[in-house]
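Across the two complexes that follow, subunit A remains constant while its partner is subunit B and subsequently subunit C.
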Partner chain A sequence: MNNQNTNKRIFSVITQTLKMHPVIIVLLALIVIFGSIYPDRFFSPINFKSILRQFVTLTLFALGPSFVVLTGRLDLSFVGVWMLGGVFVWLFKPILGMFAIIMIPVVGVATGLFIGVIQTKAKIPSFILTLSLLVTYTGLSALIAGGYPRAVEGYEFITSPLIPLIPTAFLLTIPIIAAAIFLMKYTRICVYLNAIGSNEEGAQLAGINVDKYKILAFMLSGLFTGIGAMILFQHLGGSAQMELKLNTIVWPLVAIVLGGTPLTGGSGGPQRTLLGAITFTVFYRGLYLSALHPIMVPLLVGVLLIVSIIISARGLKGVTVT
Partner chain B sequence: MNDKLLEVKDVYKTFDRVVHALNGVSIEARENEIVGVVGENGAGKSTLMKILVGVYSPDKGELYHKGRRVPFPRNPKEAARRGISIVYQEKGVIPWLKVYQFLFLGHEDKYIKLLTLQMDRMKEQACEILEELHVACKVEAYMHELPLSTQKKIEIARAILGVRLESEDGETTPIIILDEPTAPLTDNECKEMFRDLLKMKKNASFIFISHIIPEVMEYTDRVHVLRDGNLVAQYDLSEEKMTEEDLFRAIVGRKSSEYISRAEDREVAGKEVVLSAKNLTKRGHFYDVSFDLHRGNCIGFFGPAGSGKSKIIRTIAGLMNHDEGQLTAKDQELKADELPHERLSRGIGYFSGETGKELFLNWSIAKNISIINMKKILGKIIPVIQFKTERKMAENIVQKLEIKAPSVRTDCYSLSGGNKQKVSVGKWLERNPDILLLDDPTIGIDVGSREDIYEVLLEMKKKDISMILVSDEPKEYSILCDNIMFVMDGRVQKVLGPEEFRKVMST
Partner chain C sequence: MIQEKVMTRPKLSLEWLRSIMTNVGPFIFVIAVVTIFQLINPFFLSYQGIITLIYAMSYFLIAACGLTFVILTGSFDFSVPSVLRLSALICVLYIEKIGLLVIPLALVACLVIGFVNGLLLAKFKVPSFLATLGISIVLEGIAWYLTKGHLALMQNETFRSLATFFIAGFPSTLYWGMGVWIICTFVALVTPFGRRIYAVGGNLEGAGLSDINVARHRIYVFMLSGFLSGLAGVLYMSQMGGGSVRIGAEMAIPLFASVVAGGTALTGGVGGPHRTLLGVIIITWIQAGMAMLAIGQDIQMLTFGLIAIGMSIATIERKRIKIVK
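Then we have the complex of A and B:
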């Protein structure tokens, strides 16, 4: 009897979770599909490691902007923070030594503050503002670094292997993820950002200082991107990058939307982005291992983005806010 | 002269088979006159006009044009062919077009020769029509350079031109519907527009939709009054002598039988003043509003739509800034540029009956209640949300207000209108502000739920919460208010007690 009750409870918890995070179904389906087509390659240790590596990249880039997307705005500056921050590390290494890495979160928070203030005071659409800033940062990075990537040594410990099969960068990502989830689940920040995205006038009437929390969202975005980019700096080669790749901008957005945070804001948040990131990684790795020509992959990624935007805008209206 | 140009007979329109937007309404427009159609929000004015221009089709009804029965138009172009065109309240103007381009927008196909637009011919004709209609402006000017009143006149000219170009014979007298044309204009611009509108009467007939009573009284020849989808009265203003108050009462209706006097809920003034205003002015909206709100009392601002009553309450809430005058709460002056969250921290809450504004519909009941009671659910030592406290708080409210919902985790969008309203009022009950501003607290909900909301509000009043009410429902004032300020044209005309108010409304 008791056993039956527990079963029932577990069942209801599972259905509740699936209802809240429908992307889990997609994730499981992808694993089953890829796993049954080529189990040897898909379940290999190398692939496992690759998935984790890519998950780290995607998550660290996508976590920050998730805070902003929650309010119905968009922050594309994350790649810029990573690039300009990297150049600053190279620039300040001779002066600050190992502490030069701190420059990345500093750039991140400053960027967030800047965007937030401009966005709220001048009422400019965040998409075009952050996009322009991204381009500016790319130019600035190239100018400072002299036009080509600069390798910086001394941070190899960030990615030096600790546990077999699990990249160290992944281990370092865990506390960042935990911090984001804590912020989203247990503090009022989550409620307020959601409120702004869901019904800005209502948020104002409920006595929320809307401008302050919008700026805070951009600053949190900058902070999380900055801290994440400290790891990414080494994770992605240990050098200040010059080249702006479209994939680095688009993939995190796919992860955010796929996770169930609609770009119009109002529900979701970083915790969902994690699910989106892992699902996208499995999707990408699965295609990568398949017999498909690599040229097909960007096309399919684009289709996935379009489909998930449509679904998240229409179908998830009733999904509960966590 | 007074031939019936257009006649609409017994029009019925239902939406979703439930809402009766129009219940057998008949109106007529004669040659060369301005006929007013007035009524409150939701009286059916807009629905009727949309039927005339072919946006909606009626369920039943007849349309006569110059005495000949014609079918209802199926789209705006067909309506124009019958001579009917509309000028919408706003957003009709495209700012970056030149005047002549705007005038002929959508009719360019009549000015194409050898694949090119005949600009010169268009400009020539534009000049002609503007001159004919007494609109003074250059055809080469951009729309956004012109004053708003001129823009409006050009819009009217465009509507008349559209009818001329579309109608079969070119002889039809245009019937131009003006949907609250003066809403975006200042007083002077209004006067200027009407001056020229009276001249244009030679060229067209106008159906003038408005809820601004003085305008209607001054400029229309006849007026139809709609209420709740029925034609309740029509007056020939050139013959009948009427005051603004008469017309206002016709619009609002004499619902005297419904009034409930609840003297026992009222308290005499005498407690301390929690909010006072001195000569509060927002230019263009309201002037010299002064009042003292005592603890546990309720003041109502009553008047027709457009009188400035809702602007007053929005100003107190911090959604608008006043230009002049003083607003004092608890001996502290409130600065004009304070935002709603600053006003709330002083204990002034704003409750709007529009659930879309007030609630986060994709959130659960519990979250909607806790959002303005965040301090109560945060941990004492670390400011972390206590989910158990949040749930208990919401369960308490749900039980107290008898909100019908499976659980407090239910999302608000799935609730009925009345229950949504209870959630919004419930969160304020939990918050317990010093002053609660009520902006149409029961808009759009059924009678039963209304009574429940009144119960809650009266209970809050007993707990010494002061209130300011603005509503479209006269009954609400006599239930809730201790003092009623009659607002007309942005000025307080007189202050009435609930008994007097009831007397005035029932005569």
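Then we have the complex of A and C:
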């Protein structure tokens, strides 16, 4: 009897989790599909390592913007923070020595503050503001660095192998993820951001200082992107990047939407982005290993983005989408 | 926001700045651009210089007109450069096989893409920015698939003369650009269709209540944008005579900047194609003037990013909007 009860409870917990995070089904399905088509290649240690490496890249880029997406806005400036921060590290290395890497979070927070203030006070749609800022940052970093990537030495310890098969960058990512989840679970910020995302007028009438929390969301995004970019800086080659690629901007967005944070805001958050990131990585690696032409992969990523937004927008009524 | 309703007097500084910027600003901007470049580079307004400026602005004007219609309804079309690239590549890759029939083929393909964009926004409730971003990625994949990464050259003389044929001292691409601009202005300001687009952009719910089929008009606008981007792509290929998947890679922000620099607000319902001409002149002449002075891509990107941010702050109508996302 007791045994049956526990079984029932476990079953209900599982169904509840699956209802909350339907993407888990997709993840399992993807693993089963790719695993059954080419088991020896998909379950190889090298593929495991690449999945972890790519997961780190995607998560660190996507964690920050998830805070902003929670309020129904978009923050595309993350690639810009990474680029401009990298250039500043190169620029300030002779003056600050090893502490130059601090420049990346500084750039991140400053960017977040700037975007937040402009967005709330001047009322410009966030996606276009952050996109313009991203392009400005690209131009600025190319201007400062003289037009080509500058390698910076001295931070190799970030990627030096500690445990076989698990990249050190992944270990360094864990505290950042924990901090994001802590913010979402044990502080009031989560409630407020959700309230703003689901009904901004209502949130204001309820006495929440909406502008303050919107600016805070952008600053949190900048801070998390900045701290993540410190790891990514070495993880992605140890040099400041110059070229703006559409893929780098879109993949984190796919991870956010796939994880179950709808772009209209009001539910989800960084903890779901992790699921989205791992699902997207498995999807991408699986396609990468397959016999498909490499050109087809980005094409399918675009389709995945649109399909996941359509699914996440189901049942929206009374919400005007522009 | 509640306080704003009570206060009838607008905030003087920003509202005043907005009215100045949208009405007089573009003219001052154009004069400033011309004066500065003419002072630095005396060949800026020579005959050869003007021909360069015309080549830089004409196809751009057509694409910007399409984007203006989309921004007028309050949406955004990120896929304009990708659609332009697709149409240019279709022209260059298939002209050997089917001759000049490639032009209608390319235009129909672009029309279909515009339709898909509009459908995603109007029926599936995907925010237009992300829908078009996703479509851009798909189109980039298709462009890679079509060209296999090679540079393609246009050999057909008839096709080349489409934009480069000289009439009365100016290349024909100028007449294409101005013709499309005049038609767009006419459509936006005079026809009932244009009024309905302004209504949709000005107040979506109100437009729906006054018996305008909002969803259908949104789709129309995206189809128009796709069609005009396709036309711009045909002219681009005709004047450039070749290209690869890199076509239009850096165009997204200059395009957007030219629309807002002309005075069309991002919130919709304010501005129009008639204003976009000045914006396009500002942006493309800065671009061409900088290229004449051998100023690099980095400074250009920096300039256009700052112009885009500054002009969107200056043109947006804050009184009317409550919540912006």
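As a convention for this text, the second predicted complex is superposed on the first by the 314 of 322 C-alpha atoms of A that agree within 3 Å, B and C clash if a C-alpha of one lies under 4 Å from a C-alpha of the other, contacts with A are read in each partner's own complex, and residues count from 1 in each chain.
In this section, a contact is a pair of C-beta atoms (placed from the backbone, for glycine too) under 8 Å apart; a residue touches a chain by one contact, two chains touch by 3 or more.
What you see is a predicted model; the values in this text were computed from it and never measured.
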Partner chain in contact with A:Thr187 - subunit B first, subunit C second, else both or neither: first
Partner, of subunit C and subunit B, that touches more residues belonging to subunit A: C
Which superposed partner A:Gly266 touches (first subunit B, second subunit C, both, neither): first
Which of subunit B and subunit C A:Glu201 touches, first, second, both or neither: both
Contacts of A:Val250 with subunit B and subunit C, given as first, second, both or neither: second
Partner chain in contact with A:Asn209 - subunit B first, subunit C second, else both or neither: first
First, second, both or neither for A:Leu143, with subunit B first and subunit C second: second
Subunit A positions touched by subunit B in one structure and by subunit C in the second: 201, 204, 319-321
Parts of subunit A lying in touch with subunit C, wherever the complex brings them together: 72-74, 118-119, 122-129, 131-140, 142-143, 147, 200-201, 204, 246-247, 250, 253, 263-265, 293, 295-299, 301-303, 305-306, 309-310, 313, 316, 319-322
For the subunit C and subunit A complex, residues of the former touching the latter: 1-2, 14, 74-76, 120-121, 124-131, 133-138, 140-142, 144-145, 204-205, 252-253, 256-257, 266-268, 296-306, 308-309, 312-313, 316, 318, 321-325
Residue ranges of subunit B touching subunit A (in the complex, touch as defined): 317, 319, 339-341, 343-345, 349-350, 352, 356-364, 367, 370-372, 374, 378, 383-385, 409, 411, 413-414
Residue ranges of subunit A in contact with subunit B within the complex: 185-188, 191, 194-195, 198-199, 201-202, 204-210, 266-267, 317-321
